[in-house]
Structure formats: structure tokens, C-alpha cells
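One structure below.
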Amino acid sequence: MDGLNIPLNHILLVSSLLFAIGMLGLMIRRNIIFILMSLEVMLNAAALAFVAAGAHWEQPDGQVVFMLILTVAAAEVAVGLGLVLQVQKRFKTLDMDHANRMQG
Amino acid sequence: MIMINLIGILLIGGLLAMISERFDDKMPRKVAMAVVLTDLLYLLMCLSGMPEITQLQAPLANDPSTWLMHFKSDWIPAFGISIELALDGISLLMVLLTLVLGAIAISASWTDIVVRKGFFEANLLWSLAGVLGVFMALDLLLFFLFWEVMLIPMYFMIAIWGHENRGYAAMKFFIFTQASGLLMLISVLALVAINHSNTGVWSFSYFDLLNTQMAEQTAHWIMLGFFVAFVVKLPGFPFHTWLPDAHTQAPTAGSVILAGILLKTGAYGLIRFAVPLFPEAALNFSYPAMLLGAAGVVYGAVLAFGQTDFKRLIAYSSVSHMGFVLLGIYAWNELALQGAVMQMVAHGFSTAALFMIAGSLQERLHTRDMRQMSGLWQQMPRMGAVAMFFVVASLGLPGLGNFVAEFLVLLGLFKVNAWITVIAATGLITGAAYSLLLMQRSFQGEVNKKWADHGLIDFGSREMLTMAVMMIALIVLGIYPQPVLDTAHPVLQSLLELTTEPVNTVAEVVR
Amino acid sequence: MNASMFSALAPILILSLTAVVLMAQASIKRDQAIASMITGVGFVLALFAAHYARDFAQPVTILLQVDHWSLFFTSLIIISSFVTLILSLETFSPEGERKEEYYLLLVLSVLGAVVLIQSSHMVSLLLGMELMGVALYAMIAFPEKGELPLEGAIKYLVLSACASAMLLYGFALIYAATGSLSYLGIGARAAEAYVQNPMLIMAGSAMVLAGIGFKLSVAPFHMWTPDVYEGAPTPVTGFLATVSKGAVFVALTRFYIDGNLHQYSGLNTALVVLAIASMLIGNWLALRQENIKRLLAYSSIAHFGYLLVVLIALSYMDDQLVSQSITFYLTAYLVTTLAAFAVVSTIAGEDVKRQDISAFEGLFWYRPLEASALTIAMLSLAGIPLTAGFMAKFFVITVGIQSDLWVLLGVLVLGSAVGIYYYLRVIFAMSKSSQGGEQTANKLEKILAVALIVSVLLLGSWPQPFIAYAGGL
Amino acid sequence: MSETIWVIPLIPLLSSVMLMLFGSRLKITHIGFLGVASVGISALLTLVLAVEFMQNQQIIQESLWTWMEVAGFAPGISFYFDGLTLVMMSVITGVGFLIHLFSTEFMEKDPSYARYFAYLNMFVAAMLVLVMADNLLLLYLGWEGVGVCSYLLVGFWYQHNANGQAARKAFIVTRIGDTAMALGLLLLFTELGTLDIQAMVGAANQTWQIGDSIPLIACLLIICGAVGKSAQLPLHTWLPDAMAGPTPVSALIHAATMVTAGVYLIARTHGLFLLAPTAMTVVAVIGIATSLMAAFTALMQTDIKRILAYSTISQIGYMFLALGVGAWSAGIFHLMTHAFFKALLFLGSGAIIHCLHHEHNIFKMGGLRTRMPVTFWSFMIGSAALAALPMTSGFFSKDQILLQAYQLPDLGPGLWMAGLLGALLTAIYSFRLVFVVFFGEANTEPDKDTGWRMAVPLSVLCFLAMIGGYFMIPVAEVFPASDGSHPAHWVEYVSISVPLVGLLVAYLVFFNRRLNIDGLANSTVGKSLGNFWLSGWGIDWLYDHLFVRPYYGLANLLKSEPVDGIYGLIVALNQTFNHWLSAAQSGRMRWYLASMVAGLIILITLAANLPTGVLQ
């Protein structure tokens, strides 16, 4: 491993920050689109961590999982966006706080 | 096998009763009556073939072969759970009581139940079956199973055919018994686990679990699990509050079974399991237990005195009377135990009868409120006379069963602790107070104009017949209780032997 | 990859094939009847395949672990899906709308569940979970009318995506700590990794727990449950409650055992907290719930609380009795829940108003069969003897006692005591006398209900054969 | 006869049962016949038995069957017959028979004639069992039996709440004593291992020394029982109210037989009391105190039956005094004579009430001498005997008691003087009654005079009341012989003369008004004292405020079942949790996310920060 050699923990730190940001976004954002984006951020944080770990152990598995995560994210978002259309159609809003018909 | 049949007949009979409604809605009660009587006859026939019970040497609690009947077959071998039924003197008494009162209950439901007769009789018979199971099961899990399952038909009887506040009452009844039942389940499993770790074999059989060795503290807690479950059902003092509601709201037949039989399962459990399985722990606990009993006697009597609802009054009187049973059991000497057993039988009859009277009053007046009654003797002298009989029975008139029971309990208790005896004895006075008040408010006093033109019908021949059975039973118990005593004697003997040395140690503690 | 491995994968292959066929059929001729037929056939074949695969039990590559245990659950899952299928026929009856995709989704998410069950590797776990999940989103949102399904779907999507993210991140951390993605590998390296940097692996597994806990709707990750249960079409709710949760729990168990995670008291405490919270919160929430689907949702929270007790016991005793208990409990729970949902979907259908407990009044008198079925289901959930639910509780308590988990047992008693109340409320409502309702009767569903109830009672009253069988797994 | 004495109680019992079962279908005459005849037969049999006994002073013991046998506790349904039993039996059956006969006329008009005789017969049966019992448990059976019969008969006219009240009071107050007595039984059995009276006394004499504490406690408990039944202080309050019952009932139960059961009990167990001198003193003191209290009260009463009731209490006080001072046979003797004259008086009053259409107030009567001669003479004789005028039956018995009381070592003279005071008062109030009722001007017209079924019993009882004093009661063997020593003669003279003085006073005050006490009566002191006595020394009031009301209060307090409150609390707690948690289910997705994140954080902290380490 030549070139820059960043210790694993630093990368993990970064990724965890990413993850936290994503979670924060989930919690504070009302608009469904942004929520989905925050999800992307979280997933990518995980992906980053995997890649880093893979590099650390010098295994290809990290990258493999990264690919997998991409596809997963894609799938999630695909369905998600489909639902978003429906939401817009039926609720006439993308503000998730208005989607609380069911309570108690 | 006989015991399986006894239960089976009732179960199948229940189905028959339910189906028979399709043909004619007067059928179910007849079918049910027939079924119970068949069961009773069958049992008696089988017994006639048996060796005279008094001849049996004291059935060694840990040796089923010395019992009157014993049946065992695997059920869940993985955990050493088996279908194990056995019959000894006490169970026999209880089984007989169950069947007789069952017939009486059916007679009580004769005109009382107007809708869904078939399903009602079915439930009645099934609950009887469950109770029989409780009295005969000697595999702890099987026992627990019957213990829980017998409640379900009872629940339905209250919830469907009960009075104005049935939902609440049924729910309360079920939750109290279930919650305490869970504690018992945990105790059972804990006991079994200990036995498992001692011997390496899974077994739920009473005979294997007797004198399981365990730490004193452990034994204490496990015993408490059983104790609570049984005392809730008994009902003992702080756990009795489900009873007034359940009894008051249940249909007459339901009340009869509840008061006459179901309460006895608690006492039976204490005698059969709670004490013998943990002699030392149980008898170390006997002082508080007896205090609870005394408290129940007094508290029940006082509350009964305050009631205006006919059935509620009787319900509280049951609390008071069952207090004597608790006292008798934890005094744990033969006199007291015999007293307790007698009380179980006698109270079964006297209270059942009073509930029937309450039921027939409600049937005629459509109220249980005694403030609306008074002077009913005028129009219903027969009912009045009968009521008078059972009232004096329940206040412990010598010459009737309840007196023998209460006196024996007190006699045995006095040996153990004089002061508690004194407290309990006040129950005789307070008992008189509420019993006579009941009589005064309902049948005596100014004739209530309200019913004057109602043309109330006095007891008919069916009712009188039913009542006669119970009267005769009480009188016989009162002046010649020996058969009952002899039946129970060998069992109690063996139980006492089983626990001799703890008793002595404990007796010192309690004195 | 040799032939025997393919035979071991038979169920998965069959299900995938079914999916392909369905797609093909959809492109040729859209017809609901045929689609459902194909699905049914697919399930039946898969069932046989699962049986057939028993002779080839082996780890298939590093990803999948095909053994009797997983195969048993595979078949259980498939049966449950079959039940769902039958219920769906009624719900999604052809009314102009196109419903064929529904069956495709069903098959796909079953496929996901099976993969999940057999997974022995993070990747396969992830794959299975996502396959199942994504299909489920669509299934929940399937009805084209009404807002509730959509709301349920979007909530489930976002929340479960978030959960997956947690799961993934947890895996990442574990991977970083141990350098292995397969459970056994983790198990092997965990100890030393723990010594080096406990924080990493602990945090990782905690996040994994969180992710899985969400799918199991264990408190405090339970909040989505009632809304999704209520919103989803009833058969889908049933599917969610049984197939998805069952599969996830199996996966969790395997991960927990193979990964030797039960050694770490920290995780154990975490589990204890989850269990206690679930038992209490679930029961308390259900206490005065009027909508029966929500009620079942809450009760499921409590039940997975009970189930966690068994998992916790792993730390104190050999896994033989534990896995046996899990097998029994899951089976009992699945069967009972299916029975309940079968009745609910026949009686209440998709009409929210008819999902109120009050709508069940008098059911005993005009639809005795369904009423008795629901009664027995409720009793089983409450854990009354002679029902499967009782034996399940029996196992839990036995295990709990053997490993001295007295606090948990205490909470369990408390929870069950509370539980009795709301289960009885349903029964009491049905036993109330009220004007007779309509007499609509669907043969198939009647038979289904009877079959399920019979199995509930059998499991409860004569469990020996099954216990023996489960012991052999 | 001597081997089938159990028949004697059986006959009335059977007839009672028959009356209960078929009473509604029988004709009045048949009912009356059945009721009277059954007791008559028992009376005859008793007579036969008496004759046999006179010949061979032979004690009979016979056991029908063992009642119950548990761990050495084996009381039998078995009877014991000796002189004492004979006396009691003859009183019960003899007087009982007469009263039954009287009732046939007295109750003629009553709709529930059959019920009346059923109860009355049952009472006789129970009372016979009581006196014939061989062991204390069987005695207790009779004891409670008579209690219940008394309850039933006092409340016979149940339509009036007051009667029911009185009946319940009678039963419960006596029940208090009974319970104490039951405890005594428990103690005795626990200590001596038997309840057979003879065996028990024997065992007691071996186990205990005179003055031991256990026999004292036992005796005190037994005294409680006796006090309750015999209406002595402090449990006497029920008897005056018990007059609510039909008058013949008062005559039989509340004068002649049941109320004297306490005396019988103590006499029967005198063996124990001899071991506890203190207990005997207690008996004596209770007796004398009661008799004075009652006598004063009787002075002020205006209701004819209440006067008699209090005089009964007072006379039983004398019997207790006798027992207390060890004059056993004198006590029993007074019991018998009292049974005669008090029954006579009650029946007399019954006749009056019957003919004066249920008038009870003596001041509304008057001048009945000419119009109801039979009644008048029975009252004269009865009162004379009650006042213990010389040569009447009462004279002999009371005289014996006073003399023997005098001989008691230290307490003696005091008791004697108190007794004299009592005697004086007795004479006064009894003749007050006579003069007020039978002389002076008539206030109410009797609609009829007594028929033969009333007249015959009255006259027979008159006869007995006269010559009863010459009977020799065969109790010599039963009791320890008292030393035949006699006190100084002046004592006797005083004892004899006192009643005469009383008679004189009564004559002066109530007959020819020579001695006017109105001034005294109307003075504030006199008034208040009078009211105090009238109210029976305010004891009823005291008990009402001390026990009855508090008990009602307690019952009302607990009526709402406080214990249930605890469970209510638990339920409420669960509901609150339910409220909070379902409030949390807001349906807001972001809130749900927040909870997940929180959960995640909790999990991580738990997993990582807690003291971790590999188990195993």
C-alpha cells in the first residue's frame, strides 16, 4: 500500500459523521424528497465504512458490499419515488407531517 | 381409566347438550341432568367394586399404588409430563361434592336460563369436567391445565348469562385467577427444574416431586407462588375482591358452582400441594397464613353485614366461611384439617342453597336489593322456611354440618394458637349478625305492599326436592359426619406423617 | 458449486423460477386467476423442494447455510405465504384493476424471506432482507384507493430504510473490527477483536441489533408497527406479521449464535432492556386499543419481547433447548397469528370501521365458526393451556427459570396478566348478544380457519411429536 | 323406661317435624292435639322415670352413637340422667305441658298456629337435650337449639319489625355468651382431653389444684355462657325485649326453662367451680348485683310483661347467688319453685292480655279482681310466692339461699343484706302489680274471661306454687352436702319478716294511698332516678352507643370494599401508562424516527459502556 495511508479510524469517524448527518436530516426534514436523500447519505456512510474496512483488511469484500449497497439504495429509492408520486397525488403535499391519519 | 371416563362423560355430555338444543330447547337441561347423574352413578358403581376406603392403609402420599385409583400414561415425555390421575379420600369427597352440586346447579338453571340454553348447559358441564380434573390430576402440569381451563366455561357463563354488570365481573374473575395462575405455573416449573437439576430427570409427577430437596429460601418463594394462586381462588383475605362481583353477577347456576365447587379447588390445592410439597416453608409461613384466615373471617363477616344486595351478602359470607378453611389448613393438625374438609363440604351445600334462593327471588322480584324485599314469608312461606334453615346452618347451628366443621377447626386451631382462635371465634357472633339480618330484611318484617298484588309463586316441587337434598345432606353431616371424617382420615394421616418433623419445629415457632 | 448444492438450493430456485414464470405470464396474458394459480403451484413445489433438500443439508458457498433447521422454517414460511395467498384471493378479487403484480411481489418477498432464513453471511442477510422489504413496500401500498395504505407504505419504507442503514453501518463496523463478513468468521475472530477494540464490535453489533429490532418491531423500534399493520391490506398485514418477522428472527438467532455474540454481557444487557421494554410497552399499548389490527400489532410487540427472553437465555445455557424453544415459539406464534388474521380478514376485510372490536359484537351467534376460531387464537396469544400459545410460554418460562432470569420472568408475568385483559375484551365483545349480521361464507377461508385452529390446538394439547421433531432439527 | 330415655326428647322433636312438614294441611284441633299430646307423653314418661328413680336412686347413662371421632375427640350423642336432670326434666315437661295446653286457647286465632306449635315443640326437645346431655358438646347443641327456638318464637309475629329486632337482639346477645362458652369448651378439651362432663370433672380434679388459673379461666368462660342465657349482668338486656313474643312463650322460655339453663350449666359443672373459688365469688356477685338492678328497674315499669321480665332477671340473680355461695341444691330448688310461680304469673298476665285485647300497660287495667277471679287468684298466689311470703314455695327456696349466703365466711353478711334488700323490693313491686291491676276502679273492660284450657293450667300452677316448697328435690347425691349448721335465729326472723314489710309498703302506697310518694317521685332527684331505673339503668343506651352503632358504622365504612381500592389503583396505573404510550403513537413519522435514533443510542451505550467482558 503506497501513497497516502489514512488510519482506519479516521475514515470510520468521517463515515459516522456522515451517518449522523443523515439521521439528523431524517429527523428534521419534513419534505419526503429530502428524507429520501438523507437515507441515501446514511447508506453511503455505511458504504464508505465498508470500503475503508475492506481496504484495512486488504480484501475485495468491502468493494463488493459497496456495489451491493448501491443497488439496494437504488431499489429503495425507485420504490420510494414511486410512492412519492402517489403521495403527491393523494395528499396533495410532500410534507410527511401531514401523513398522520393513523394514531393511538 | 375410570377417572378419564368420568371427565370424558361430562365433556361429551356437554356437546350433546349443545346439539340437543336444535331438536327442542327444553332438551339441553334434561340432557345435562342425565349426564351428571350418569356420571355420579358410574362413579358410585365403580366405587362399590373398590375396597372399603376406610380399610385402606393411609395412602402413602408418595406411593400411588396405595391410592384408591391411579392412572398414568405419557403425554409429553420430552418433559416427563404425563396424564396422571389419582383418587384418594379427599379427592373422592370433592369429586362427589362436585357431581352432586353439579346436578343441583343444573336444577337451578332449569327456569333461570332462557336464551342459548344448550350452550349454557354445555359450559356448565365443561366447567364441571375441569373441576373434576383439578381434583384428580396429580401431574402438576395437568393440574395447572385443568386449573386454568375450567375457568373458561365459567367465564362464558358469567359473561353471557350474567346480570347487569357481567362484563366487569367476568373480566375481574378471569384476570385475578389467571394472573395468580401464572405465578403458580412459574412455581411449578421452578420446582420441576430443581428436581431436574437434583435428579437429572424431567418429571411433573406429584409423587416424584414430593420431598424435593431445595434451599429454604427457594422453597419459600416457590411455595408462595402456589399459596397465592390457591388463596386467590379460596378466596383469602386480601385477594377476595373478585368474588363478590363474580358471585353477584353470575347466573344462579354459575354462583352455585362458583361458591359450591370452584372455591374448594383452592382449599384442595393448599392441602394437596402447597403444604406437602414444601412442608417446612409452608408451615414456617403458617402464622401469617392463619392471620390472613382470621382476617378473612372477620372482614368477610363485617362486610356481609353492610351489604344490601342479597347475593353480595352471601358472597361475603363465603369469604368469612372460607377463612375458617384457611385457618384449618394452616393449623395443620388432624382436628383442624378434618374441620377444613368438613367446611368445604358443608359450606358447599349451605351456600349453594342460599344462592339458589337468591336466584329464585331474583327470578320472581327481578331485584336482589333487600331494601325492596321484606315480609316475603307471607307469600312464600315454604321458601322462607327453607331460607331460615340454611341461614341458621350458615351461622353454625349445632346439629348441622357447618357447626361440626367450624368447631373442629377451632378445636384444632386452639391447640396451635389460642389468640387467633379467639379472633376467629368472633366470626360466630358476627356471622349470626349478618345471617339474621339477611332473614330480617328479606322474609321477615312488614309485608311489602309492592309484592302484595304480584302473586309471587312459592317454591314448587322441583325446587323443594333440590332443597331437600341439601337439607338432608347438612343434617346428616351435622349429626353423623363420621363417614366423611373416615374418608378423609387416612389421607390426612399420611399427609401429617409426611410433614411431622417440620410441624413440631414450627409449632414451637408459632406458639 | 456442485449438483448437490443445487439440490440444497431447490426451494430458492423454485421460488425464483416461479417469479420468472409470473413475469412471463404477465407479459403474455394478464389474468389474475392464472397468476394466483401459478403462485400457488410455485409454493407447493417449493414446499416439496424444501422437503427434498433435507437430504442435501450443507453450507452452500459461504453465503447460505442450508440445514434442517433453516429448511424447517423455509417450509413454515412457505406455508404461511400460502395462507396469505388464499386470503389475498378474497381481498384482491378482480374488480377491473390489475392485480397480477401483487402475486409477483408476494413470491419475491417470500424468496427474500427464504434467503434471509438460510443466510449465514452479511451479504446474504442484506440481500434477503432488502428483497423481502422492497417487495413488501409495494404490497402494502398496493390498493389504489384510500390513503391509509399509502401512508403505511411510505412510513414503512422510510423507517425500514433507515433501519437497514443502521444494520449496514453496524455490519461495516463489525467488518472493520473482525475483517470477516460471515457469521462463523465473525464468531471466530470476535474474541480477539473484542480485546483489541471492544467499542468497535460492540457498537457494530448494537447497530445490527437496532436494525433487526426494527424489523421485529421490538420496543423502542416498534412505533411503525400499528400504523403499518392498520394501513396495509389485511392479508399483507398477516404476511408482515408472520413471514417477515419470523424470517428476521431466525436470521437474528443464527447471527447471534454463530457470531458468538451471546458471550458479551453488554449486548446481553441491551437485549434484556429491549425485551423488558417490549413486553411492557406492547401490552400497555394494546390495553385499550379499539382497532383489532392495531391491537394485534401491539400484541406482536409483546410477543417478540417474550421471544427475546429465550435469546437472552443463550448466554446461560446450551443452545439445544434454546433453539428448540425458538422453533416452538415461532411456529406457535406464526400459526396463531395467521389464524387470527384469517378471521380478521374474512370478517373485517379492508373496511376500517369493521376493524373495530365493537364491530365483532355478537359474532358468536351469527358466525360461530369464525368466532370460535378467533377466540381460540386469542386464548392462544394469551397463553391459556391447551393452545399452542401456552406451550410456547411454557418453553419460555422453562428456559427462563433454567437460566435464572427472574426479573424477566416477573415482567413476563406482569405483561401476560395485562395481556389477558385485551385478549378477553375481544372474546367478550364476540359473546355479546347483538342483532345477527350477514351470513357471507367463503368455503376456502372457512376450511383455512379450521385447519389453522386445529393445528393451534394440536400444538397445544399434543405437542410431543412436534417437540421431538423440533429437538431433532 | 330407664334404658330408653332418649325417647323423651325424640317425641316432641318428631311432632315438631311433622307440624313443619304437614302443618299447613292439618286442622287446628289436630295441630293443637299433636302439639300438646307430644309434650304430654314426654311428661308422663318423665313421671314414670321419676317414680323409678325414687325407688332405685340409679343414675342412667346411655349413648346412641358417637357424634364424631377425630384424633381422640369423640363426643357421643349420649345422655346422662341423675337427680338434677330429673328435676330439670320434670320442670320442662310438666310446666311445658301446661303451657302448651294454655297456648291452644291463647293462640287459637292466630293464622300460623301450626308454626307456633312446631317451634314450641322443638324448643322442648332442644331443652330436654340440653339438660340430658352427657357431654358439653351435646349440651351446647341443646343450648344453641333453644337459642334458635327462642329467636323464632320471639320473632313469631315477624310482620312487626320491632319483634324481629327483639328476636335478633335476643339471639346475638346470647350468642356472645355462647361463643365465650365455646372457647371454654375448646380450652377444657385441649387441657383435659374430653368433654364428657363426669369424666372431665374427674380429670380436672386430678390435673388441677384449687385456685389454679386454667380452671378459673375455663369457669369464667362458662360463666359468660351462663350469664348470656340467663340474662344476668352484663348480658341481660335481651330479656325484657324478648317479651315481644307470645306470652306463653315468655312463660315457658323466658321464665321457666331456657333462662335458667345458665343456672343448670353451672350446677352441672360445679365440680370445676369448686376448683376455682374466685369464679364462684364472681358468680355470687354477678347474681346479687343483677337481682338488685333488676328489682329496682321492675319497680318503675308499667308494662306488665316487662315487670315480670325484670323480676325474672332478679330471681335468676338469686339462683346465681345461691350457686356462688355453694348452695347448689338451694339454687336448683329456687329454679324449680320459680318455674312454677313465674310461669303462673306469666300465664296470668297472658290471660289478662288475652282478655283485655292486648293491653300491656298496668295503669290501663285495674279492678279485675271481680271480673277475672281465676286470674286474680293465680296472681295473688303467684305474687305471694314471688315475694316469698311465708309458707309459699318461693319462701322456702329463697330463705335457704339467704341463710346459706349469710354463712359464707367474709362476704356472707354483705350478700345477705343485699339479698334482703332485693327481697324487700321484690315484695313491693310484685304487690304493686297486684294492687294496681286487680283493685281500684276498672279502666278497661275484659271482653271475656278465661276458657277452661287457660283456667286448668293456671289452677294447677297455683297449686304447685303453693305446695312446691314441700317438694324434696333428689339432688343430694349430685352436690356436695352443705354442712347443716344454721345461723343465729334472728337472721331467720329478719329474712322471714322482710317480705312482709315489703307487702305492707306496697299496700300503703298502692292500695289505700296512705303513704303518698308522689312528692318524692316528682322531686328532680326522684324523677331522674325513676327514669334511670325505668330505662333499666341506661344499659341498653350504653351498649347501643358502645357496640351496636360503632359496628353499623364500621360496616357502612367498609361497605365500599377498601381492599378493592388497591386493585383499582393498579388498574389506574396501567391505564395511565396506556394513555402516555398511545399519546406517543402520534402517527408522525419524524417522531418515530427520533424514537428509533434514541433507541439506537441507548443500545450502543448499553452494549459498549457497561462493564463488559466475556462471560464463561
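Every chain is named by a letter (A, B, C and D) in the order it is written, and numbering of its residues begins at 1.
The working rule: contacts are C-beta pairs under 8 Å (C-beta built on N, C-alpha and C of every residue); 3 or more make two chains touch, one makes a residue touch a chain.
Chain by chain, the UniProt names read as follows: A = NADH-quinone oxidoreductase subunit K; B = NADH-quinone oxidoreductase subunit M; C = NADH-quinone oxidoreductase subunit N; D = NADH-ubiquinone oxidoreductase chain 5.
Keep in mind it's a predicted model, so treat the numbers as computed, not measured.
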item: Central subunit by CA centre of mass proxy; value: B
item: Between B-D and B-C, the pair with more C-beta contacts; value: B-D
item: Centroid comparison with chain B (C-alpha atoms), farthest chain; value: A
item: Rounded Å distance, chain B centre to chain C centre (Cα mean); value: 43
item: Centroid spacing, where centroids are CA-atom means, of chain B and chain D in whole angstrom; value: 37
item: Where chain A and chain C are represented by their mean Cα positions, the distance between them in whole Å; value: 26
item: Approximate Å spacing (C-alpha centroids) for the pair chain A, chain D; value: 95
item: Residues within chain C bordering two or more other chains; value: 154-155, 158, 162, 166, 226-227, 289
item: Residues within chain A bordering two or more other chains; value: 23, 26, 96, 99-102, 104
item: Shared-contact residues (touching 2 or more other chains) in chain D; value: 582, 585, 587, 589, 593
item: Interchain contacts (touch definition) - all pairs; value: A-C, A-D, B-C, B-D, C-D
item: Touching residues (chain side chain B, partner chain D) in the complex; value: 237-238, 240-241, 244, 299, 302-303, 305-307, 333-335, 338, 375, 377-378, 381, 385, 388, 392, 397-399, 403-404, 407-408, 410-411, 414-415, 418, 421-422, 425-426, 428-429, 432-433, 436-437, 440, 443-447, 479-482, 485, 489
item: Chain B residues touching chain C - in the complex, by the definition given at the top; value: 74-79, 115-116, 141, 144-145, 148-149, 152, 155-156, 159-160, 167, 170-171, 174-175, 178-179, 182-183, 185-186, 189-190, 193
item: Residue ranges of chain D touching chain B (in the complex, touch as defined); value: 20, 24, 65-71, 73, 77, 137, 140-141, 143-145, 148, 151-152, 155, 158-161, 164-165, 167-168, 171-172, 175-176, 178-179, 182-183, 186-187, 189-190, 551, 554-556, 558-559, 561, 563-564, 566-567
item: Residue ranges of chain A touching chain D (in the complex, touch as defined); value: 23, 26-30, 96-97, 99-104
item: Residues on chain C engaged by chain A in the complex (per definition of touch); value: 122-123, 126-127, 130, 134, 137-138, 141, 147-148, 150-155, 157-158, 161-162, 164-166, 168-169, 171-173, 175-176, 179, 181, 200, 226-227, 230-231, 289, 294
